[in-house]
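Letters A, B, C and D mark the chains in the order given here, with residues in each chain numbered from 1 onward.
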Amino acid sequence: MISFKNDYSEGACPEIMQAMMKTNRLQSDGYGLDPFCEGAKERIRQKVGNADCDVHFLVGGTQANLTIIASALRPYEAVIAAESGHINVHETGAIEGTGHKVIVADSAQGKVTLEGIRKVVTAHTDEHMVKPAMVYISNATEIGTVYTKAELSSIRRICDEYGLYLFMDGARLGSALMASDNDLKLSDIAELCDIFYIGGTKNGALFGEAVVIVNERLKKDFRYMIKHHGGMLAKGRLLGIQFYELMNGTVFFDLAKHANAMAQKLQDAFLQLNCPLFVKTTTNQIFPIFDDEILAEMDKRYACTIWEKVSDHTTAVRIVTSWATKEEDVDRYIDDLRRIMK
Amino acid sequence: MISFKNDYSEGACPEIMQAMMKTNRLQSDGYGLDPFCEGAKERIRQKVGNADCDVHFLVGGTQANLTIIASALRPYEAVIAAESGHINVHETGAIEGTGHKVIVADSAQGKVTLEGIRKVVTAHTDEHMVKPAMVYISNATEIGTVYTKAELSSIRRICDEYGLYLFMDGARLGSALMASDNDLKLSDIAELCDIFYIGGTKNGALFGEAVVIVNERLKKDFRYMIKHHGGMLAKGRLLGIQFYELMNGTVFFDLAKHANAMAQKLQDAFLQLNCPLFVKTTTNQIFPIFDDEILAEMDKRYACTIWEKVSDHTTAVRIVTSWATKEEDVDRYIDDLRRIMK
Amino acid sequence: MISFKNDYSEGACPEIMQAMMKTNRLQSDGYGLDPFCEGAKERIRQKVGNADCDVHFLVGGTQANLTIIASALRPYEAVIAAESGHINVHETGAIEGTGHKVIVADSAQGKVTLEGIRKVVTAHTDEHMVKPAMVYISNATEIGTVYTKAELSSIRRICDEYGLYLFMDGARLGSALMASDNDLKLSDIAELCDIFYIGGTKNGALFGEAVVIVNERLKKDFRYMIKHHGGMLAKGRLLGIQFYELMNGTVFFDLAKHANAMAQKLQDAFLQLNCPLFVKTTTNQIFPIFDDEILAEMDKRYACTIWEKVSDHTTAVRIVTSWATKEEDVDRYIDDLRRIMK
Amino acid sequence: MISFKNDYSEGACPEIMQAMMKTNRLQSDGYGLDPFCEGAKERIRQKVGNADCDVHFLVGGTQANLTIIASALRPYEAVIAAESGHINVHETGAIEGTGHKVIVADSAQGKVTLEGIRKVVTAHTDEHMVKPAMVYISNATEIGTVYTKAELSSIRRICDEYGLYLFMDGARLGSALMASDNDLKLSDIAELCDIFYIGGTKNGALFGEAVVIVNERLKKDFRYMIKHHGGMLAKGRLLGIQFYELMNGTVFFDLAKHANAMAQKLQDAFLQLNCPLFVKTTTNQIFPIFDDEILAEMDKRYACTIWEKVSDHTTAVRIVTSWATKEEDVDRYIDDLRRIMK
């Protein structure tokens, strides 16, 4: 059985595993106060083109989201997100658990719209309602689409207009930056967002998200916030070691490029085979719609995730590729599908 | 510079690193729903002698503490701990962050006393005060002492008398169980506690704590609690892989035994050299009191943690050994100290 | 200027003011442990036809909502509400402040639909999402509509099917029970809901909501929850004194009846004058749509609340009457409107 | 039975009751946006000698404490209090319920000591511990003592030294200001504290605490915080009406003066009768130690609160007087005691 269920089905890329082995017996201070983390932060600061930003490493995405949002907001403030936003649906109320409401704004293709943000802000007028204070976006989004530079710039402007922080969840940022229709650079993101993170878990690391804080006001005591929420790793160096490798030259980008290429090869094949798409994407998540009989046949050899029923006899599924996806598995998948669809 | 600052200065024991490498390219489901976790849970259930207990793996200790306490208590309920209890002093208010008060009970040698528990419970009489609902103990304690079977049984009885849960923080449980004055077995702990965890981070793992839930009432929806607090690891198998190795035969115990032996060799040397102890322990944490000049000299080659000033010219320090401590480093330390103290 | 802005613009009904004066110098124990509260509870138990229910008095509605929801739910559990539900929009994130997500279900006329509840529950399938655990409804709703016995019974059944608590916010329960299309009795509500409250603030009291707990599982330690959330009134007897008067004979119902009659007189006049309604109601809140010029003219003498712009030149407003609304003011309002609309 | 159990056993002073009656049918806007509140705020600003301070009215003390502390602190920050501090023992974990730890500092006579504050601050050194950010004091304290101007000034200086907010819980501020050994004026308190409140509940009001915010940084969005925590009263004017009366001329001070005089008359009698005191106070709370037989006899006619057992056969009790205490009851109490003690 080959799994296309997600991009965290395997361990880590070889560079990371080697570094883990090589450094294993070295001693270092705990909680991220070690030279590995320092080195990784330095590389990230260079890559994002901002020598002044703060960088912190966290183990996972939900942890990053809740720590960032709880750190930025006062108790009665709320964060705006798309209906499909990870913090809105797939974090078991972790944001609300820190006391903050997630307000759903209108979105299109998984992306929050300007009009959606404006509508939310103008509807929240007084102290009987929460105060919107931050816009949360995921890039790539939960359905594999990406924000263009024009879109992100517009969101920045509306955030400035209304005094909102802009926070980008970059759990799949590598894939977004390597998308064919992407025109954003890491440095653009650092210029346009107040805070964002670079996802390692879904792009070749064992685990780890690198939080980049650009806005001065969000920097204070972030380490207290991490510890307060149980997110401070004793052997913090494990995060440093991994990001030091990911941020070495083009490693991070190459891993994402491969994941995207594998997904796009599959998507191209679906189009060729006249298999409709639930949404057309340019990243490592694709959403073909299968006839249920064909899906049942494919399920015998390949695992994927049911997305939603589209009609009585068709179903949209989510297929995810990763840095570890083997091209031969992709080719075999396409061959099998072609054979079955005949 | 040799560090005796803590037991999480290095990576992981060889068995774990090999397993990490060997399994790296295998695919598995995320979030701990994988065969590695299943295997590890099975081994833990056998070792604690309870086939019905629930086992969950979390990345770190603060995360485990806050998830367990928040899961067991209603909003107005509180947890009783020693003044030195980790949840009371070293978790940046993580427990209070989930809404619960930590009530300090009298303690001796880092261990909560029966009389201390009784005093707290009888002082909290009505709805104008929090309601004590759980006793938290660390074993080994934060100052390296251990609970005997008689002590733990007495605490169990007082918990039963007052309707309190008993929760053991086992971040250093391996070291406790290998202490010369220990008479507890894992199975005793599973019989006497409602919930406890077996620490991996401080005993040879890269990270990881195995939460064991014995009391039926505490089992419900624990995975929801983990996710709600941001503690669910995407590549959850990393925890399973590690505990599967730790729980293989005597690996876990051998690692702790070595750590204890190294610390005790140092403590014996201190006694021989007439160096007073702040507290005499039987585990991997020791607390010699040094003349400040001698300490300054030793600090040039060996790192440890200042515990507290004892007099104008003497200081208690904490020295911690681990599974990775080299006996040659211990011997060299003793030699150097002997030379300096002459 | 006559205000129709809300039903809490005046003090309290004469019965309450007299009782306040009469009892003013009597001594009693604090925190609701007094004979006035006991008497009021007894009257409520009789009126709801349930001798076993617990009754607690709280000062206000948001306080009641957050205390009830936080008491009933575990940290990862969520409450289902209509988009217009008070807890969803008008409580400044008070529910999220206690850690719980409010999930919006489809609604019609301000009332949660069965299909809406079902859709929410079936979409929340695993521990990566919050767990729906309670349905919150307001009766009367925020737009002045009421639940019929058939509707409430259906919601009860779906709650039983999915293991959800049913909680009715009765801030305007008096008005609902006196609505022309109401077929619910207080005793029906006590049979169909797990917990609900009877609103005093908006029906003749200075302040106060009487929480009625029917479900045994929700009774435990509710006073702890009240105090934990800062809702325990020192001179708790003030709540007892007021509800003792409200629950005397038909006082509570008569006050609501008057409020409804005044609103309905206005609504009838609007219909007669061919003034469209945003929504037709049977309670003390009505929602006429005015031409903006007419509204401007009326605003000179009568205050109401802008609800929303309906077209370029028309606006829906909310008019609220109360136990204290004078019929002569209503008549004058109608006369003035008739004159202006000509 | 005459009750000396507390200072909230009766309703309100005549001035307040008359104003309540007189204004009862007037209409006003809700939520404290009414002329009564404006008038009361104006009087308070004059009395505290600060035209720029913000004033907000809350129903009760626990509510005021939790709203103020949660508003001032970031999630990982903590508040320092005396062991006997109301927030530490008698609020059912309300402060922890908002996520913040209460750190106990050494105290003497119920008053936090400078050395106690210093010890707490210097012990909290890094992000593994909470960050002390506020000092909470009660004046009068929970055991009836008061802070002198010199003491309060010293605490202010140490707060400045360490960057801490200074917050005074003035639930019994009237009594403190009227104490024979008091040398503080309201304007001193406004100069030395960042935020404080003037207690109405325990000094002649039906309920109500007037929060005075002096420090600019604490003013922002306080009304959001009130509503977020369920503390915004619909008929907010009730608070305005009461404080407008209390702040009229010397009403507030006269009420407290009477309460103090009654308590001091009792205390003087105890001393004369050679009845020892648990603590000697100058406010409306006194703490005689009675032989248990005498106490049993007195309990037949007078209610008070058991404070603690002092010896096998003696008990300290708390006796509280109020604005409503009748001198004839005090005299009768003294007569009865004299008779019994013979």
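Everything below uses one rule, namely that contacts are C-beta pairs under 8 Å (C-beta built on N, C-alpha and C of every residue); 3 or more make two chains touch, one makes a residue touch a chain.
The model shown is predicted, which means the values in this text are computed figures rather than measured ones.
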Self-check item: Chains contacting each of chain A and chain D, listed by label
Solution: B, C
Exercise. Pick same or different for copies chain B and chain D, depending on whether their interface residues overlap by over half.
Key: same
Quiz item: Is the number of contacting C-beta pairs greater for A-C or for A-B?
Solution: A-B
Self-check item: Farthest-lying chain, centroid of Cα atoms versus that of chain D
Solution: A
Quiz prompt | Computed distance of Cα centres, chain C from chain B, in Å | solution = 51
Quiz item: Where the centres are mean C-alpha positions, what is the separation of chain A from chain C, in Å?
Solution: 42
Quiz item: Where the CA atoms of chain A average out and where those of chain B average out, how many Å apart are those spots?
Solution: 34
Practice problem: Going through chain A residue by residue, note those that touch at least 2 other chains and give them in order. | Solution: 75-76, 91-93, 97-99, 127-128, 130, 224, 227-228, 232
Exercise. Spell out the residues on chain C that touch chain A in their complex, using ranges where they run on.
Key: 75-76, 78, 89-93, 96-102, 127-130
Exercise. State the interface residues of chain B toward chain C in the complex, per the touch definition above.
Key: 31, 70-71, 74-76, 98-99, 127-128, 130-131, 221, 223-228, 232
Quiz item: Which positions of chain C touch chain D when the two form their complex?
Solution: 2-3, 5-6, 8-12, 17, 20-21, 23-30, 59-63, 65-67, 91-94, 97, 201-202, 206-207, 224, 227-235, 238, 324
